[in-house]
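Shown below is the structure under consideration.
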């Protein structure tokens, strides 16, 4: 079959998250040309280099081509823009929201979210500290029935900061204390030493009074001045639309779905050359998201680093003369590796498998109603052809 | 093009294989040294926990994929071989080997240590009677038995009541393991669901401190376990003894915190969910390469959780901290990236 | 006067009309018709005779109506578009008029899949609105659908059905307006259990002034048992029995007591419907329970029926 | 396109049991697109029949063929020899293909292996639904682009009937949307609801099959 | 049918294939009369392959694909199961007993189960015909 196809070391990074920035930095360090695009503003983290083109407020509306020769179409300040790259890293992060209906509580002066507390602490002294000085703060986790490492990690650091900088009295309520990231168990011990009171609950009763809040649980009732609830995270609103444009799949929980357990956590999508990094496809805190970006760049460089791409050993080949353009292969290919196209040389319209995008799984060949697709390189016993 | 940088990967488990494959695909000359006669490390005894045709995403298959890829990759494999001595050699390393392939010393510019972990020895948890009571086993043993005998290994043993006890040897500062081993809740609940699926009338209880149930791969299993009637009790037993009525059964007393009652209960099988601890020979390996160990005996690393105090020596997988197989693979790939960047700067 | 039928004259006189339904037998057994006829004599102003109701083969509506007419009762012939094309419909109408029938209810008709001949070919050459328009032009312009002149008068009081509970709800009033534009004279609605929704529908009908262009009779149905109520909710599309009525039927118990409660509820419903502006009468559908009609009309205080002198 | 579905295997077996030499002919156009009678389905059916009659004496000889479009005599001509040789021809084309073979090879016994269903489209892969019955006088513009004649169980032109409930047709709520709910929603969306007030007169059915089998003759194409 | 009776195993390379190689590394061998056909993925299994296997004299066909959710090409294992079910429905009509066509999900970590399934099928189908 054909040998290696030369390919440019050019990558599109989608998203404005910290993991996107980390991926861009790493790609530049490896000598890649990087297109950094986001529908919103892009963080200005001092990454300027001739090899980096940044496009903020730029929306992807269509994607053509395959690994090695993707062409992404954008709307940027009103005009259309087509950019070609060899690979795409999706690092759009996730979305925070306050699950009011699940908590059954509205935000008020007595009920804050962890983000609000964080914002307050960023304000200049003294109000940042005064807001919490000598106050008893009840931090209630797991109550929304959802655990997210990002929010648990943030709640840990908040509890520490409130104790140290604001001399607040912090009660940390939990159903199951999440400690399964390296160093998190140690962190809880440090918080205990700083005076954070950890309380396990089965089913808490939360009451928000005029001037105070209280939580009654297993060991009794604790009154406090402020109830702090972590928000929840969910897939960004534009995930479904982006998935359709990229022709990649979403999991049952609405996040981008990695290929599967076998390639697990390498951030591979079902399409060669499209990768997911960070919180858009996994539950992790900011630092884990950034190290996820590192390992995705390692996967990208493993693909493009040698400057050429080779097809799999066994790939599908469509005989254009037999193809009846019934679209079955296009609809059943899990890797979006086949399209019905105009064969320039033969001026016939038929399905064509992109040899670099094909995984060799054979779903198209077995589904083709006119047996026009052959799995090249796949030996089958003679009897398969029939007596 | 720069002449091929050479890297030595020590350890042929999931982490070692992942790092070796990534670096090899990127043009580095990689030599993988594995003490055992077979690749795979601890992942070799991980069983399949799929139920009713559906995979429970435990990560066991990660090894199969890597064994498939390593065969056709340019990585040079040295089995039944271990590192005898290491010398610094103008910025690189001169590694003397012993065992089957002790040929001349290997010269490399970087080393990735992926030496894995040891299961916590359940004997050290004396009061739990492991090794004395026939009905007390460990999660590692259960996985190994199912891997060797097939998913039906526990079908015909006439079990009625099974207990899984979490955090055995983990989250316990007094025994020098003040960390969560991350994997025990995940394998315990998946094993519990497998047993329940094959023997629906089985009563299974999991005794926990805190179930670690975050992560997309685990949410579905966690919810399903609760719906399938697997009982979760917040409270760990102190002592496990032989049941007086039925010698082959074990019994223990536990304080069910949430129910606020103290209970004594008999079980046909008690599975100790043992955690991870550093390899017995972690200290020698650290000394060989001149790197430090952290307070628990794992290899000490910088903020990136990968680089050590010795430039060019990187760490991947569970030898740095307890991790699931998928996380170890991801960490190894991050180590490969750090190592590749190091080699790049070296070549400038 | 459009037809001079008794029903038309009663409605024109402003009296609150009462019509009932008679289900013909599944064969030519005339004695069944005669028995049911006597149960209804003097109890209602006109009697609807169904046309292969729910696509189940029965004695034809025209023949049964002729029997009623010969025995001094006022029939309302029902005509569906399922079983006949426009030729057969017109000739059947001429026959009915020739035999003295003066009231005609135009229906689309249940799909044959619900009846005892699900493999039959249906017709649906016309729909109910086209049927109304065709009959109105035969009567007012003396012209057949094909355009030829009609030899003789076709004095018919034209009726149509309406289902205030079908979806899409906004369409229901639009469709009534279309039937009025097509020339319908009176409307008999689907049986009413959900009073609030019927009030909402009537309010919109009144807002559009349709109640001044057509006589509207509210459909009611007595329930024999709580089982019947649940059957309706599960199988009959278009309307449902609210829980309040199901609770009363369950409380009433079984057999005779349940049927008495069914009659009581029906009578109360009629009294409620009488107060709604634009409701000019009631159409009682007691399927296979013609015996219940007299006690219902009696309890609703609608006896004796007005007898017009001429 | 024309959508068809293969007959149950038991029915096909009963039809061909008596023959020793069988020719199975597929068609690579409509029935292949809807995966009822294309080349692969021919191979599948042939394999199944060979297995079914494997112990029969004399053995059943089954030849597999597939043509581009079985409703074109030129494409069928290549089958002449095979048809002459075979005792019966099992055609996996739609009804048109079966009858083209019969008209082209009058001595041949041609048996249908698929049931031709309707003109329709795939809602998704593996699910097809009817869109047009070929009434010969298209009125789609009057109903917001949704055909009540095809998609309403009673072909009502002044629908809906009383049996429409939350968008489903009472005749088959699970599979059938109520065409008139679709029309109502679409016209509401286009702001043309007033169209529903006009009374649609009775339809001229003569352009449909009711007027007898149809024929089109293009004078500009016939010498 | 073929003179020599045989069992055809149509197996996905990534799961059954790896499990077989682990068995072979430990000295296990496929019983004689078992033909191992390795597919790039369950998705490439064609109903026709199964029918052709029976036509070529297979006494039984065992199809092995990954567990659903673990397939490298996402839907391959589900395609394989659907195809086997389609053929199972027609087995009775073409004169083949229902239990002559089996579908099982498998993982590379299940060499023990692979061995027991193949040996059980071999005992059930080939052994009674005399060694």
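First chain written, first letter: the chains are A, B, C, D and E, and each begins at residue 1.
Methods note: a residue touches a chain if its C-beta (ideal position, glycine included) is under 8 Å from a C-beta of that chain, and two chains touch if they have at least 3 such contacts.
Not measured: the values here are computed from a predicted model.
Steps from chain B to chain D, minimised over paths through touching chains, total 2.
Following the contact convention of this document, D is the list of chains adjacent to both chain A and chain C. The chain with its Cα centroid farthest from the Cα centroid of chain A is C. Interface comparison, B-E versus A-D: the higher number of contacting C-beta pairs is recorded for B-E.
Set against the Cα centre of chain D, the chain with the most distant centre is B. Annotation: 41 Å between the Cα-based centres of chain C and chain D.
Note: centroid distance chain B to chain C, computed from Cα atoms, is 78 Å.
Distance between chain centres (mean CA atoms), chain A to chain B: 26 Å.
Averaged C-alpha coordinates put the centre of chain D at 37 Å from the centre of chain E. Counting only residues that touch two or more partner chains, chain D has 40, 43, 47, 50.
Shown for chain E are the residues in touch with two or more other chains, namely 14, 46-48, 52, 55, 69-70. Each of residues 260-263, 332, 386-387 in chain A touches at least two other chains. Of all possible chain pairs, the ones that touch are A-B, A-D, A-E, B-E, C-D, D-E. Interface of chain E with chain D (complex): residues 1, 46-48, 51-52, 54-55, 90, 93-96. Every residue of chain A that touches chain B in the complex is listed here, in rising order: 26, 29-30, 147-149, 152, 174, 176-186, 189, 200, 202, 218, 251-253, 255, 260-266, 281-283, 291-292, 294-295, 297-299, 301-303, 305-306. Looking at the complex, you find that chain B touches chain A at residues 22, 25-27, 55, 57-59, 61-62, 64-65, 171, 173, 178-180, 182, 185, 208-217, 219-220, 234, 257-258, 260, 304-305, 320-323, 326-327, 329-331, 333-334, 336-338, 340-341, 344. Across the complex, chain D meets chain E through its residues 9-10, 13, 40, 43-44, 47-52, 54-55. Contact residues on chain A toward chain E in their complex (touch as defined above): 249, 259-263, 270, 314, 332, 334-335, 359-363, 365-367, 375, 378, 380-381, 383-387.
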